[in-house]
Amino acid sequence: MAAMRRLIWPLLILAALLLVNVAFIPGFLSIEVREGHLYGSLIDILRFGAPLILVSLGMTLVIATGGIDLSVGSVVAISGALACLQISQDQGVFIAIVLALGLSVLLGAWNGFLVAGIGIQPIIATLILMVAGRGLAQLITDGQIITVNDPAYKLIGGGYWLTVPFGVLIVLAVLAITAFLTRRLALGLLIESVGGNAEASRLAGIRSRGIIVMVYAFAALCAGVAGLMISSNVSSADGNNAGLWIELDAILAVVIGGTSLAGGRFSLGGTVLGALIIQTLTTTIYSIGVPPETTLLFKALVVAVVCLVQSPAFRDKVFHRRRRPPSARPAEEKVRVTA
Amino acid sequence: MTTLSLGGGRVIPAKYVPVLVTACLFAAMFVVGGIRYDGFASGQVVLNVFIDNAFLLVVAVGMTFVILTGGIDLSVGSVVALSTMISATLMAGPGWPPYLVVPLVLLIGSGLGLVMGYLVHAFDIQPFIVTLAGMFLARGLCYTIGTDSVPIEDPTFTAFAQTRIDLFADLWISPSVLIAAVVVLVAAYVLHYTRLGRAVYATGGSEQSALLMGLPVGRTKIAVYTISGFCSALGGVLLSFYMLSGYGLHAVGMELDAIAAVVIGGTLLTGGTGFLLGTVLGVLVLGLIQTILSFEGTLSSWWTKIFIGLLLFAFILLQRLFSARTRP
Amino acid sequence: MAVPAPILRMSGIGKQFPGVHALDGVDLRLLPGEVHALMGENGAGKSTLIKVLTGVHQADEGAIELAGQAVAFGSPLEARQAGISTVYQEVNLCTNLSVAENILIGREPRRWGRIDWKRMRARARELLARLELDLDVSAPLSSYSLAIQQMVAIARALDVEARVLILDEPTSSLDADEVGQLFRVMRRLKEEGIAILFVSHFLDQIYEISDRMTILRNGRLVGEYPTRELSQVDLVAKMIGQELAALDRLHGEAAAFDRPLVEARELGRPGAIEPFTLTIHEGEVVGLAGLLGSGRTEIARLLFGADHAGGGQVAIGGAPASLRTPRAAMSHKIAFCSENRKADGLIPDLTVRENIILALQATRGWTRPVPREQQDELVGKYVKALRISPPNPEHLVRDLSGGNQQKVLLARWLILEPRLLILDEPTRGIDVGAKTEIQRLVAELSDGGVAVLFISAELEEVLRLSHKVGVLRDRRLVAELPNGPELTTDVLMETIASGGRA
């Protein structure tokens, strides 16, 4: 149906990427159980892509309300830093996790308050935390890289449960919860309504402020969990580099997944696909022997193509050029639309 | 409420208030620093801020143009890095002379800006996304050229890097500061005295009105991204004077510093209001924060980011209150 | 009196948009030194005609002559260069720039490429002096009132050798003194021989300033008349027209209602609607009649809490109530179908089903979803009852026709079972079949005890449905008339035209 049709492009891209891998790497698709753990390239993609998927899920909801959250990378760093600090000070893992996630939610609510309460443009409101958050993370770690050695904490990002990487299970759980909140409960409808037409939503009696604050808090919570996962995987917290530029990858994943940056309709499945495409792209570049340095070039290409294809102006120009009088200049077309 | 009256009946137009606030902040920081630390209250400390931030100043000038039209340019840091990388590699490997390399680098930077501006204008794609792609592209090109730091040993470059221009009374600046000053002056002239500059303000004020008034909005938008690309490339050249190396990891996150400087300088992120002088002050405030932290000694470098974040918050809040009052 | 040769002549102008014949064989001529009013209701084609004239749209048929020369403008810029300048209702200037710049930007005096600010300010002062204005031209435009901004826009329009000046609803946000100032300027320009095309919804203003008028209705020319020779009643009749289809009156008579539901006392909002007092009873259909911009929509928005009232009280069921937000109004079971379906009503990207249950879901909050079976049942019921087509609830609302979109919006509010339903132009721009269905629905609702506030530009329709008609003119509720055999469209037009003074 319509939902499937929107996912067709990301699916095709992902399939193409996987095919390239199959062609270049013998046994790419094979998955085996070794020492009670699932092993294989596909598992690796899922495992390494888990934090990005989490952050992207939160970002999807923010973007669906017509906003954007630049601060998630900083929240990733803060959450990991706080958790590792607590553990290194011999606090229990559980308390450490609760504190880290609690702080993340607080930071997200702050973003939401700036956007919905004060009315600052989302991109600017979250820029504040993006800049200050890095400093905050380093303040927590005192500029050091805090290493922790706690088997319980290690489980989150590096461990396995029932042969499956624990991080993947967390992603599945968050995905299920998000899908439940948005699709089984009515959160998704209200988010899409606010993002699709804010004034009409107000006149339909929707409390958009509360929804916006909640969505930013949720995005930060997702980022917080991703932060735990990243720091747990490497058993250390690096306030400076953890989650660096993950916000850009997440935005990219959302856009590739077919959710418009203008807000409105969103697709959780598309976002997961988008994040997997980005992760697979990285893996592919490593595996087919292209120097890994060029990953960013491919990303640039993907962003450009996806945005151009989504741009109505581009489609008009490319596909309907002949229908327009040749003298019509772009500036005048705009007048026609707005005047 | 569009004017602020002082005692004695003098009136300051509202548009100057944010710049004045920044100027007062700078002065206050300088005075506090001078009282707290020995050797802080000297002219050379201010000049050192210029010397250490000449490249940022140039980049922020370009960013000011873009933000004045209501856009944003995330690619500046990467273009800076790309410029250092291209200059270092071309001079180290094939041994190209600087007088060929520098114009080439400036051309590449401007070209990238031009393409991004065209995409923003012609296809109505958000500047944020277009320049994000530009950011990836430029950084990717850096790494493609090389992942290691490439030293610059060209005699012209090293000479330029080590030159001191003596001013009066033991004060000195680097040639880069001179270049940055020229850029600021030229940019201020363009913004204030040319049709392009006024079209920049008009576009940022109201794009639709600017169109209906018959202004070349599309050309203006393309021009500001080109200018920003040029400034980033020039900033890259200045950074290679300063660092004497080309490296793909140079200037990571510089776009944030540039945006922060512009905002702290009182330019509205929604466009249309702001001055270059404000941007200069914004860069100075950012630089002075670092200077104070280095004088303080016990405070760590990350406080810079926290302070910048707090300043950003304060200024954005100020702008918000301000625009709420002027537009009832 | 000999008529001078027209400076501008448009003849046989036709313009089609997909599915709409916006203009059909319209003529317009402007004489030098006259103020010419362009009259018509919503959708009559006024703005399309202006856009064709100024080069925003190209005409499909017809010819334009300027001073005897055939012209065709490709853009507003070309039109301006030929001497046709436009000042729009929304001031299209950059308020962040100085007054002088707003007048001269794009044509700044320059010396060696450098803008000569001194000469620019002098020139701006000169142009403003022509309009008898003395402003600080280096101050930002935002520091001046809307009226002054309007004048600055006119000064800008006059800088080029303007021969035709189009003022598109320039007075809609001005107060009486400011209108007076604008009219002084217009008279002065008239004496200089400039032809002014003036659009306004305020009849008093039209009769005060204009010499002649051209009336449009439904994209066609009704006629051209000297203002002195056309009475206000005739003008209103020509603008609104008589609907020929003689549908039976559904209510058409006053009835005794004794249970007041909503009582508004001295409710008002500065700049939008003068304080008004209105009582709506249970089961009563109250019609609002008046021209576009007379304050019809503003009353509806105040009663729904879409805008904040500047003063006055509302009582619901006898108890004082505060209607500060749509949610507050909804908790009192008030519903509102906005006149602007696209901007204020539907979420185009959502399906018919989602749009219909949106308000119900909003009242329940996101934690208590409407169960899917209940959704399907409710939606199915209203899709059937209102004959929404295509009858597929999963269709995207953006793809529906105007009439069906309107029905979706109606269904959204009907499932809330409102006690007061406010309908702002529910039948505008939809086909006759859908129109009758919506009218019948209003009658059924009222029989079931629901109060309806019915706003329509078509007087026939208002009369057919209402028990009581409130008449608006120039943002004031001027009369409240019980419906009955003696209340005809003629009486209504008379009341609108006279402002209830008769």
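Labels A, B and C are assigned to the chains in the order they are written; within every chain, residues are numbered from 1.
In the analysis below, contacts are C-beta pairs under 8 Å (C-beta built on N, C-alpha and C of every residue); 3 or more make two chains touch, one makes a residue touch a chain.
This is a predicted model, so every value here is computed, not measured.
Visitor: If every chain is a node and every touching pair an edge, decide which shape results: line, ring, star, complete or other.
Guide: Drawn as a graph, the chains make a fully connected set, so complete.
Visitor: Where are there more C-beta contacts: A-C or B-C?
Guide: Pair with the higher count of C-beta contacts: A-C.
Visitor: Need the CA-centroid distance for the pair chain A / chain B, whole Å please.
Guide: 29
Visitor: So the centre of each chain is just the mean of its C-alpha atoms; given that, what is the distance between chain A and chain C in Å?
Guide: Computed from C-alpha means, the inter-chain centre distance equals 44 Å.
Visitor: Roughly how many whole angstrom separate the Cα centroids of chain B and chain C?
Guide: Each chain's C-alpha centroid was found; their separation is 47 Å.
Visitor: Enumerate the residues of chain B that touch no fewer than two other chains.
Guide: Residues 208, 212 of chain B touch two or more partner chains.
Visitor: For chain A, jot down the residues that touch at least 2 other chains.
Guide: Where chain A meets two or more other chains at a single residue, that happens at 331, 335, 339.
Visitor: Multi-chain contacts only, two chains or more: what residues does chain C have there?
Guide: If we look for residues of chain C contacting two or more partner chains, we find 76, 88.
Visitor: For chain B, which residues count as touching chain C in their complex?
Guide: Against chain C, the touching part of chain B is residues 2-3, 13-15, 192-195, 198-199, 201-202, 204-206, 208-210, 212-215, 272-273, 326-327.
Visitor: For a test of understanding, state which residues of chain A touch chain B in their complex under the given definition.
Guide: 68, 118-121, 123-125, 127-139, 142-143, 239, 248, 251-252, 255, 261, 291, 293-300, 303-304, 307-308, 311-314, 317, 330-331, 334-335, 338-339
Visitor: Sort out for me which residues of chain A touch chain C in the complex.
Guide: These residues of chain A touch chain C: 2, 184-187, 189-190, 192-193, 196-197, 199-207, 211, 264-265, 325, 327, 329, 331-332, 335-336, 339.
Visitor: Enumerate the contact residues on chain C facing chain B in the complex.
Guide: Chain C reaches chain B through residues 76-77, 80, 88, 92-97, 101, 105-106, 108, 110, 113-115, 117, 139-140, 142-143, 156.
Visitor: Touching residues of chain C toward chain A in the complex: what are they?
Guide: Contact set of chain C toward chain A: 51, 56-58, 74-76, 88, 304, 306, 326-327, 330, 336, 338, 343-350, 354, 357-359, 361-370, 396, 412.
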